[in-house]
Amino acid sequence: MPEGRRVEISVPALARVEGEGALALRIQNDRIEHLALSIFEPPRYFEKLLEGRDPQQLIDAVARICGICPAAYQMSASQAIEDAFGAEQDGWVRAMRRAFYCGEWIQSHALHIHLLAAPDFLGYESALAMAAEYPDALRRGLQLQGLGNELMRLFGARSVHPIGVAPGGFHRAPDPQAVSALLPRLEAALAEAEALLAWTAALPLPQQAQDFVSVALRHPEEYPLYSGRIVSSEGLDIAVSEYEMHFEEYQRPHSTALFSRLQGRDYLVGPLARLNLNQDRLPSPVAEALARTGIAFPSRNMFHSIVARAVEILLALHEAVRLLRDYHPPKVTAVSLTPRAGVGYGATEAPRGLLWHRYRFDEAGRVQEARIVPPTSQNQARIERDLRESLESFGLAHDDEALRLRAEMVIRNYDPCISCATHFLRLRTERR
Amino acid sequence: MAVHKFSSCDGCQLALLNLGESLLALQEAVEIVHFLEAGPSDPEAPVDIAFVEGSISTAEEAERIARVREHSRYLVTIGACATSGGLQALRNLDRSERAWREAIYARPEFIDSLDQATPVREHVAVDLELWGCPINGRQILGAIASLLHGVPPIEDADKVCLECKRQGRVCTLVTRGVPCMGPVTHTGCGALCPAFGRDCYGCYGPAENPNGDALARRFEGLGLLPEAIARHFLFIHSHAEPFRTVGTAWRAQREKDDA
Amino acid sequence: MTEAWLPREAEVVECVAETGDTHTLRLRLTDPARHDAYRFAPGQFNMLALHGIGEVPISIVSDIEDVRLFDHTVRAVGRVTRALVRLRPGDRLGVRGPFGRGWPLAEAEGRNLVVVTGGLGCAPAVSVIRHVLRRRERFGRLTILQGVKHSNDLLWRGQYEAWAREPDTQVLLAADVATPDWPWHRGLITELFEQIEDALAGSLAMMCGPEPMMVAAGRMLLERGMAGPDIYLSMERNMHCGIGQCGHCQLGPHFVCRDGPVFAWPAVASLLGIRGF
Amino acid sequence: MNQSGFLPRADLQRLIDRLRREHADCLGPQVRDEAIVFASLERAEQLPFGYLDRQRPGSYRLEFGDSERAFAWANGPQALKPLVFEPEQPMWHSVRDPDGSLQFHPVPAKPSSLAVIGVRACDLAALALQDAHFLEEPGDPWYAARREGLFLVAVHCTHPAETCFCASTGDGPSCGAGFDLALHELDEGFIVEVGSDAGQAVFEALQTLPVAPGQRAAAEAQQARAAEVQQRRLPAPARLAELMQAATDPHWEEVAERCLSCGNCTAVCPSCFCHRHAETPALDPSRSGHARVWDSCFSAAHSLLHGRPLRAQTAQRYRQWLTHKLAGWQVQYGRIGCVGCGRCISWCPVGIDLTAEVDAILGEVHD
């Protein structure tokens, strides 16, 4: 009987939106014979429960798909509503949505870098365990995260399930006094974010080149966040409404989350994909800070995602400062919408990547049908492939514990969703 | 202390992770033995306080919550999902779970799911419920601070209106005729929506002694159709009895009108 | 303005476990000058403040002449009281008071007294009974009536037995439901009034306990010839400030904390027994 | 008759400037969130010139017309109450030392200095009621400090709302006492009246013009009209005292069908004073705070007794409110607790009208 062990890693919470996951790994003759990242998402059936809701309830409901990136859901949905009702957003509302969204990027990226990813690279169980050795880095991270939350609160009263977004804009313009109180703090944080970028670049990141397709939005002038066309590193360049003609969602028996593929292949969305495709859209101070790290983008090292996140924190701070610098509350904070029957599309760049929505509305403006493709499911197939390649190049002869840690590190690097990116409970290796 | 997650969006756990420096202070006041998002992982360890996020919507979750109860001296639910089933409990209304599963998933047989998403209270005894979708840092810190003194926190189940007025907000229902749920909604958020000039949509669940019938009649007077009234009550806390009763009554009204 | 709203630090000197959930706390204000100046009347109460937990009104049960310590007998029923009975000698808490109007003891001198209590032992009444027994010569006959739902609910059973042995004192106890060893009356407290040996006209009554019991007992006393203004009762309402500011203890036109807790029958008779008043 | 003079409309700014110089802040009515509220006032133009309020049970709407006047409206959602009786006021904080000893540190009352323009007769009457409550020994130091620092410029009401009934309670529409200065607004300006020594000093500095007899007559006429147009009324106090005997009236249950028990009426009422004490423990167990916070007799917590609310039902809560306000108050403070401002009618989300409920219970019929 050949000696065998079976690797089975179960992720406590990994999902299309949320959920339970497990990684099954079977190694035979030092080859990965079977690798499946399974997601047992307790289904929450959002697409169905949105049916019949009016635009405001739609905005309030989709936030609840994810507590970590509710603004992303609200922004994609708002776009789709306006698309369906034929209202183009420009000017104040568009600018402020971008500022609001920047808050979420700062918050989410700072959380991921400090509380989730960094302990992996520095060899800690958790960020709290890291606190003794790296108190300043952790404090800086928590402060940036807090600042992102405050930026969100300016527009949404709270950073989880914000309440300020109205169909067509915002319920209330931020109070100028609150803006002028926050602005200097955002400015002061620029230096912190630059230091953070240098810090991430200096982390002992594994070096490993992979071949993957990047997908992200691309905008004529801006670093993509709130809008743009969907492009890929393989030359794809389509309108948001054309998504379904090129991307396909499919189901696999081991997972309740849907997988995505682009022309039959897995692909990457998220910070690294965005930066790889949009480096030329970085404002020059950010580009210069990135250049100083000495890391070349586009990068084929998946672990440079953490650096990309730091770049995006710096970018989001720059953007927020730029957008809020000459702040004046407008008379009207939301364009009035006239509901009509039709289909609307929306796509924005959530912290974790492309977030695509499509809704069909009835003539009263109520949702008849909804489809939402979150970044985590788009990355799922990519994570599986990455795991296979990473573990093989890491060396399958490593013991179970080392394999588990490496696998966790690979998955967390995608920041699939906060709870998804934490710890595996069990590891079962099968070797034959 | 432990933090457990069931079917949810993770937003309530963020009330802890968004505490900033207080998170470090918290770590000094209590020993966190299980909190996956923050790192510590030991779900079976006995604890004094267990915070539970999320509703129970699979067979596995029903088993797991029973184990959590066994290990915990004081079990506190956090947020709408754990306390009233949350948004996903909308499927409980007409037992539409199967139909929805088939509509969303090409291979519904792969999906393991109960036909209802239910609050923790329907499975095990709960010592304290923190309402809110999401709960905020003040609530959870307040609860921990009281528990550190060996007593449960004061249960404040007043209506949002009272806080709205303490904050000096101008009533949106009275000045603009919007259907504000504040008069039947549990306090705790700080009256955020009226502060932003909009109507409360009830994300903190039913307050004590709510008169949903009277408020629904008022909404009708403001020009809302029965289905719209129903949807106001059947939203984030559709499984909470006082909201469910009013909402389903108005939905039945709509169906009668349609017939 | 006096700082009646600010607690002063007190130390628990002694804890006496009366029953499982009822403890007597013997306190001393840590500021000796304040402690020496502290005076109260039977029937008055203090606000006891627990750091980090909250404040509740608790009657003072010690004797007015015991200047060494003042006592509170606390029954654990909720958040604050449960924490109060956990206190141990040396622990600190805050005290505000004394507040309210106590029993009309000056008026009671020289007269026969009827003390009617109900429910689970009643601290304000205990304090007045002790007061009378210690100054036996100043008062007439003393009749004590106490009713409980179940015989096991009776606190201080030994105490009642001891009181019954005192001169010029009659103790009448009733339990709606009783264990076989209950030597006293089975049934309602109101059925005991026939057994009162003294004429009620000219006597003075003091009552405390559940409101329905006090309503029934008050009517009984009136029927048997006692004058309305000679019947006194100690009321309970929710209290936060104890000084007539917070509004919680309102009972019709009265602030129970300031105008009471002890009221003469005519002041509250029309409001008693109305549910939710 | 108090000393008085005429201030042309264009000179109103001089009054504001003077008040701003003498006080830490000067508040005046301004349009915010679709209502007229008190906010920091720098320029006269910030006043709600041209605005009218349309108040009905459960409804408040502002209309903008071509009126020249700044005070052609009745009242906004709040009177002076939040300025003197803070919605949340820390009272003390306690510190437990490592040796177990406890210290209670009082939160000192800060001296305050605030001028308010545009105060109504009902607001003044309600302030007097709150004074009677909060300044009575042992008293509330935070209230006292804020009250002490108030300088009040009242405006006699010329445009009562449909919900007003101050004429029937005897508290308006004209301001009787309790102000430092009072204004009659006329189309061309204001008649300024002196009500206190502090007011006198400001008055002298204003160097007003003499009041023309026609101006005085116009002011009197508009005051008389303002009383006449009021549609609602309360019965006389003696009659209201009978509410205390109506405790078992079936009408309380009828009101409870409609009442949300949300507490809005008590929060907007300028005389309601109920507050709870809230302990606010810090995460660091050695520190804790204690604050007084607005409460309402419509909340369950208000009547907790042995862990259960004494007034669990809405009917009992509404009865508590109305009987206390209109009957119990007479014994406690020598008058009813209502000043006829009508706020509880307008700002009740479902538009319950206390005057109608009182009539239904007392069987009162008005012509």
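Labels for the chains are A, B, C and D, by order of writing; each one numbers its residues from 1.
Throughout what follows, a contact is a pair of C-beta atoms (placed from the backbone, for glycine too) under 8 Å apart; a residue touches a chain by one contact, two chains touch by 3 or more.
For clarity, every value in this text was computed on a predicted model and none was experimentally measured.
Colleague: Please indicate the chain closest to the centre of the assembly, with centres calculated from CA atoms only.
Modeller: Taking the mean of all protein C-alpha atoms as reference, the closest chain is B.
Colleague: Which integer distance in Å separates the CA centroid of chain A from that of chain B?
Modeller: 25
Colleague: Measure off the straight-line distance from the CA centroid of chain C to the CA centroid of chain D, and report it in whole Å.
Modeller: It comes to 40 Å between the two C-alpha centres.
Colleague: Indicate the whole-number Å distance between the mean C-alpha point of chain B and the mean C-alpha point of chain D.
Modeller: Once rounded, the distance between the two centres reads 36 Å.
Colleague: Find the geometric centre of each of chain A and chain C from their Cα atoms only, then give the gap between the two centres in Å, rounded to an integer.
Modeller: Averaging C-alpha atoms per chain gives centres 65 Å apart.
Colleague: Mark out which residues of chain C touch at least two other chains, giving numbers and ranges.
Modeller: Within chain C, residues 51-54 contact more than one other chain.
Colleague: Residue numbers in chain B touching 2 or more other chains?
Modeller: 145-146, 148-149, 154, 197, in rising order.
Colleague: Got the chain A residues that touch at least 2 other chains?
Modeller: Not one residue in chain A touches at least two other chains.
Colleague: Can you give me every chain pair that touches, using the contact definition above?
Modeller: A-B, B-C, B-D, C-D
Colleague: Where on chain B does chain A make contact in their complex?
Modeller: By the definition above, chain B touches chain A via 5-15, 17-18, 20-21, 23-24, 27, 32, 36-41, 43, 57-58, 60-61, 86-88, 90-91, 96-97, 100-101, 103-107, 110-113, 117, 133-134, 136, 189, 192-193, 195-198, 201, 203, 227-228, 231, 235-236.
Colleague: Touching residues of chain B toward chain D in the complex: what are they?
Modeller: Against chain D, chain B makes touches at 22, 25-26, 29, 141-142, 144-146, 148-149, 154, 156-159, 161-162, 165-171, 173-177, 180, 182-184, 197, 208-211, 213-215, 217-218.
Colleague: Okay, in this complex, where on chain D does chain B touch?
Modeller: Answer in residue numbers: 32-35, 37, 58-62, 77-78, 82, 87-88, 256-264, 267-268, 278-285, 293-294, 296, 299-301, 312-314, 346-347, 349-350.
Colleague: Applying the document's contact rule, which stretches of chain A touch chain B when the two form their complex?
Modeller: Residues of chain A touching chain B: 12-13, 17-18, 20, 40, 42-49, 52-54, 57, 60-61, 64-68, 70, 107, 111, 115, 119, 125-129, 131, 138-139, 142-143, 145-146, 149, 157-161, 163-164, 166, 171-172, 250-253, 255-256, 258, 417-419, 422-423, 425.
Colleague: Sort out for me which residues of chain C touch chain D in the complex.
Modeller: 1-9, 30, 49, 51-55, 77-78, 90-94, 236-238, 240-241, 243-248, 250, 252-255, 270-271, 274-277
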